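Order of writing sets the chain letters: A, B, C, D and E. Residues in each chain are counted from 1.
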């Protein structure tokens, strides 16, 4: 077991009370696993990602723990957490387009970053070049300023930087959503390549695009309103989802070849609840076609089949 | 003082003037010293005339006496001939002797139109050197008063150096490296100072048995009076001829400062400040109105509040205290006025100025609004403030006067072209003769541009004739002069062509830190005019320098 | 009804030095009433620029756009307003399409001020209700609310309702769904489909081929400002001719089908297979490869081999 | 790049022409006529003398040719460094008066501007780190920038000069010294220089510190800072980057502030009676010396323009974003 | 969609500038505004001075220039801030001076603000040649040393009233406003709601003032504050070198008079300290208020 998250609760402080963005999330991630994390906007995907590496100013760790390779991650302690960042846990942020210091040549920035972590740059230099080649970037990007790169190039550059120290866990937050399909494919394939080349041990890929994550992930975890809804192997989620939310989500995706006059797809009616504070009971209850009385009680996230966990009374 | 530690070492250390042998002065030069041309008597560097170039005579206004200087004596040999004899052994600082030729040459420079004393040749027929020491002047129409003024006011220039100069060089040339005859020589100058060094070969040492005490005179350019005050208090200036408001309170403080009088008015009276009404404009063309206006001015407030008692209120005739002997007290008692708002109102009513619209201010006789403007140059803070007080007083009497402060040059334009209602002016200094004073008031004919006199464009042929008559009166004929002057006073007090307000001081504050024995009204002290202003060194101030004593070293 | 002929757009770019950037080059296609044309291409290929040119939000550099036979470039003031009465747009980001300072239904009020100043209050209210009903919005939930109080889908639909108030004939929908959640997306798409049934012509701009396919009768594939392939949707998707189209298609992530499954074939494009000697520079920009199917090969005339996009 | 500079140059050239033209208009539109002023001062009584003087000065000031020619002559004179004669210090040429004052002004301005900029940025960046420090020094800085230059100058002159007697107030060096390069003279120069310098420095310092503090806070919230943070980079590095990036807008700020600081120098010099250009400005205004005023104005304009231009160039050299922008592309 | 209520930080177009988002944000802004010590404190000081300027003069002499007391007297019960060398009441002058200061500050700021906004909006919205030309003009005025120009103009004017001073200061302080507004407009112009307004057939003027400007309201407010402070300082500088109003009294003129009448050498500190302090405190409070506002409108800067 490589990452084990136990009952993680992270709230955002806000004027009118806390936003319960992550409310008791428990899951685990196996070695070499790429897990896709999907869900509607605002369901807490980024929050989960961030809470495993760096809580931002407004986030408050309320409870729960995370364990990586048997070591407890001090996620609530910014100073102690520093030791883990980059080396053990690393991130490709949502804002990869602006993640590089605009006034430093990229190579120099990388050197300074690496050296600031107490590693001599020449020792990683060769590896850096190798990885640039791996994602299809020329070495001379190191001599350039970020503004001189295209979005896809920056995305891949950040990817290389983030994984330079072979972290055990890589969190990739919406790395492809700003890109067009062909670039998306290149970036996503590169991402999978990192795992295949053993540069990162396992990965959480956050996205709202199920079909994209289907291409590279081993497992998919579906979140809804700050809670986990379902987690299972990719194929299982796509073909045999158990949670009604997952089912509706999958069925709303148009595929190439499908036309409205042939097979008219339908969306999920209604909208997710406010998380300030979160409603009691099953949070999907209001939109769920299968909802029944029991749903007033929060269903546990339980394994219903090996490797397949669901939080739904109807599924268990 | 601690503020100036840098130059505490008075020993001739490298770059500093030895403090104990140097006199620091200020208050004359407002821009950088830029010319040493004695003919440009409005801009030459402080001391150019007096320290460097000298005059034939000195005139001491405090004693009303002429003292021969370059001249040994000067006499009218008959009614139209004047002869001046130079002293023996006079030399220019380049060693050449000073001769009658130089005197004649200097006078003849006046033939150039742009030389300020060009009008000399209106009444002078010829000038000739009789011998090496004697020059003779023959007058077509003798004007004794003017000539008496000329001989002490204008310096003699060396013919051998000035002969070849063009008119431009004479009237607008900088005359760098000046050669004069006086007790000081040009040492150096900078944007902010003029430095003179003692002329050890000065002829006066033997001939007059006089010795100027400071080895160096450093005249400082100060942009503002308050800067000068700061330096004076710090002991950096020995003699300040600046207008320093508040000095009255400091004289009594522990700054070792001294003014000519230890009590109010502290300063000698140097000139009269008049309010000049434009007599070509209604209602200022009405003498009764002018008189009402004159009575409305609270001169006491100006003297006490604006000036903090360092000036004194003017006699209605405006004649300076040194001219007291010319004042016809009976006439003044009969025709003079004092500040009296009620009287001013009464005079207005009597003359037919009424407040028709009930705003407390009178209107013109034809009912049109009466609004007068009193212009004083911007930045002349004391005058600006005084103008405000005048306006206040006028308003109390029912006359609308507003004070405005255009730029200096604008005020100049206004008064030359006559486009003003009221201005303040003080362009006549203490002098050898009140003729200069009355010339200013009554001068005729009126020109389009009145450049120097009679800005109010007051026309009174009779009075002007009297002035000319005065001019042609010998300077020692006191009785003859008084007769004429009395009639002039009468004309001035009845018609009020100018409204004398107060006597501007001969601003002078001396510090006893380094030099002592400054001129003072107190017994035993030398009594000379204590000023480096243009024209004052030849009014006796040069002798102040011979009386100075170094202060006791602590 | 709407016709683009040889439309190009060149931007001057660079803050200081002026450089030309050809965002759209020589684009021609046509839009008939009741037809949905989807405009597909990668980011920066000029899709939005075309949409904006059609709406006269951006001027064309050359070429003409005619609507109902009238060159829209010549429209001024009143005529332009009349044009907007028939042609409207909906944009990618529903949040930035609303002025955050004002209530969301202000977009409707603006329409009223501009086009229906004489309509009475009651009359207007019923019209609004009808339009909202047409996009299945509950008036009580959306009116009198600030934009941030509404969901993206609601906002997007409100914009469409706004267009409906005008009884438009042409709608330019520029990436209307890319910011929306998967579930909301489909609702908006279905709505567009319904509008089409009502006879509205829609220019559907997207970079997602599956979405284009879901809705469109005609498809235009754009690359670097030029059309590389266009034709009936079925033909373009069923028989992609241009290598670029094929790359795009193969890059689309599909459920149940991994990327690795589709291998890009090499060799000349179908266009070159059909016209092996088709290097005629004087020939038409797009060559017909089917009934309603045209393609351009970018390798044409350059020393680049086909099949290498 | 070349295009950028040619556009910049065009703007500067245009500004210069506008400034020179305004400048040329001064004596022609200002109330009071310089010729009359000179003539009046001479106090001539005879009308012929007045006329002769008038003619002389009209010629001297170049007012005897048609207006357009006066304008051209003005440019001609300007390009050959001839700005006419001063009325205030007649007959000295304006150029020499200005040149005598320039070293003092530059001696005040250059250290004040550069040091305040440097120190303000350093301190601003430093204070942005610590909440407590930030909360205590920030108001002080605000008060400093809000202080009118002359008031601070008066306060310093009064408190440190007059009351405490630590520094001399007035003039650029002691009246009793002959300028030379002796230690005595130089130390005297410095003691006279210090207070005016300090007052300029303090006001400007506050402004820079505030600017830097605000910019740093923005930079620390920028994505790249967060990224570095989440890769565990020590805050030293993050701050260094933030500082460097925040410095760039401060460079442009320098260009914008230049005019204000020059204005500050003018009043400061007046308060301290420091014999630089500011002092000359006041004298020229008081004496209605149009030609001198013209000259100083031109000098200031040229100075500010040159400084701006230098800053423009420096900015382009240090900020890769502008360079990329100039090359086109994004 | 969950209720967002603006909590997700919005990237600001230009540092220091944030756009307002709806009432939720407005309510939130008010919440922060009331809790922002800088804003509340600064505002309190400014309002206190403003009140003093408005009502103060009613309680003192009618003409602050008349001689009412003993000359050069220190602060006392009857003359709170002492008297000048002439015996004028410094406190009365201070109150009248405040009035002038507020007047000059607000009129000049208004003029500069309006010009700057018109130029900035037009340049930013119209773009193209209009932008180029306006930009050129802006840059020209921007690099002209304003003080020098103002000095010349002020010296040129014979009659200088406070009104005239305010106008000329206003006429020369707008370029940076124009620049900033232009930059903002440029970024807002490409926002889609502007396109939508165009599609609704709105005329340009309405688009600028009803669509774009409201989004910059908070920024424009801050611009006004900065302009106000700058104008007050400028006016004080002009007054000080003797180019101020030729009648009346202002804080700058008080300083000018104090200097001209050697208040410093005569030790009359009560004459020159209050006016300078008044200016400093007002302008300083405005600046501090400005930071406060910035923090209120810009979530990134908020203290939690």
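Note that in this section a contact is a pair of C-beta atoms (placed from the backbone, for glycine too) under 8 Å apart; a residue touches a chain by one contact, two chains touch by 3 or more.
The chain lineup, named per UniProt: A = Dipeptide/oligopeptide/nickel ABC transporter ATP-binding protein; C = Oligopeptide ABC transporter ATP-binding protein; D, E = Peptide ABC transporter permease.
What you are looking at is a predicted structure, and each value in this text was computed from that prediction instead of being measured.
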**Request:** Count the smallest number of chain-to-chain hops linking subunit A with subunit B, moving only between touching chains.
**Result:** 2
**Distance-maximising chain from subunit C - centres being C-alpha averages** = B
**Asked** Which chain maximises the distance between its CA centroid and that of subunit A?
**Response** B
**Request:** Please report how many Å separate the Cα centroid of subunit A from that of subunit D, as a whole number.
**Result:** 55
**Request:** Determine the centre-to-centre distance between subunit B and subunit E, using the mean Cα coordinates as centres, and give it in whole Å.
**Result:** 49
**Request:** Enumerate the residues of subunit E that touch no fewer than two other chains.
**Result:** 1, 3-4, 155, 158, 242, 259, 264-265
**Where subunit B touches two or more other chains, by residue** = 224, 230, 379, 406-407, 410
**Request:** Give the residues of subunit A that touch two or more other chains, as numbers and ranges in rising order.
**Result:** 41, 271
**Request:** Please name which positions on subunit B make contact with subunit E in the complex.
**Result:** 224-226, 229-230, 233, 244-246, 249-250, 301, 305-306, 308, 378-379, 381, 385, 388, 392, 402-407, 410
**Request:** Could you pull out which subunit A residues touch subunit C in their complex?
**Result:** 40-41, 151, 179-185, 188-189, 208-212, 214-215, 238-239, 248-250, 252-261, 264-268, 271
**Message:** Under the definition above, what is the set of subunit E residues touching subunit C in their complex?
**Reply:** 1, 3-6, 19-25, 191-193, 195-202, 211, 214-215, 217
**Asked** Inside the complex, what are the residues of subunit A that reach subunit D?
**Response** 53-54, 56, 81-87, 90-91, 93, 95, 98-105, 112-113, 116-117, 145, 147-148, 158, 161-162
**Asked** Which of the residues in subunit C come into contact with subunit A in the complex?
**Response** 41-43, 151, 181-187, 189-190, 193, 207-211, 213-215, 237, 247-249, 251-256, 258-259
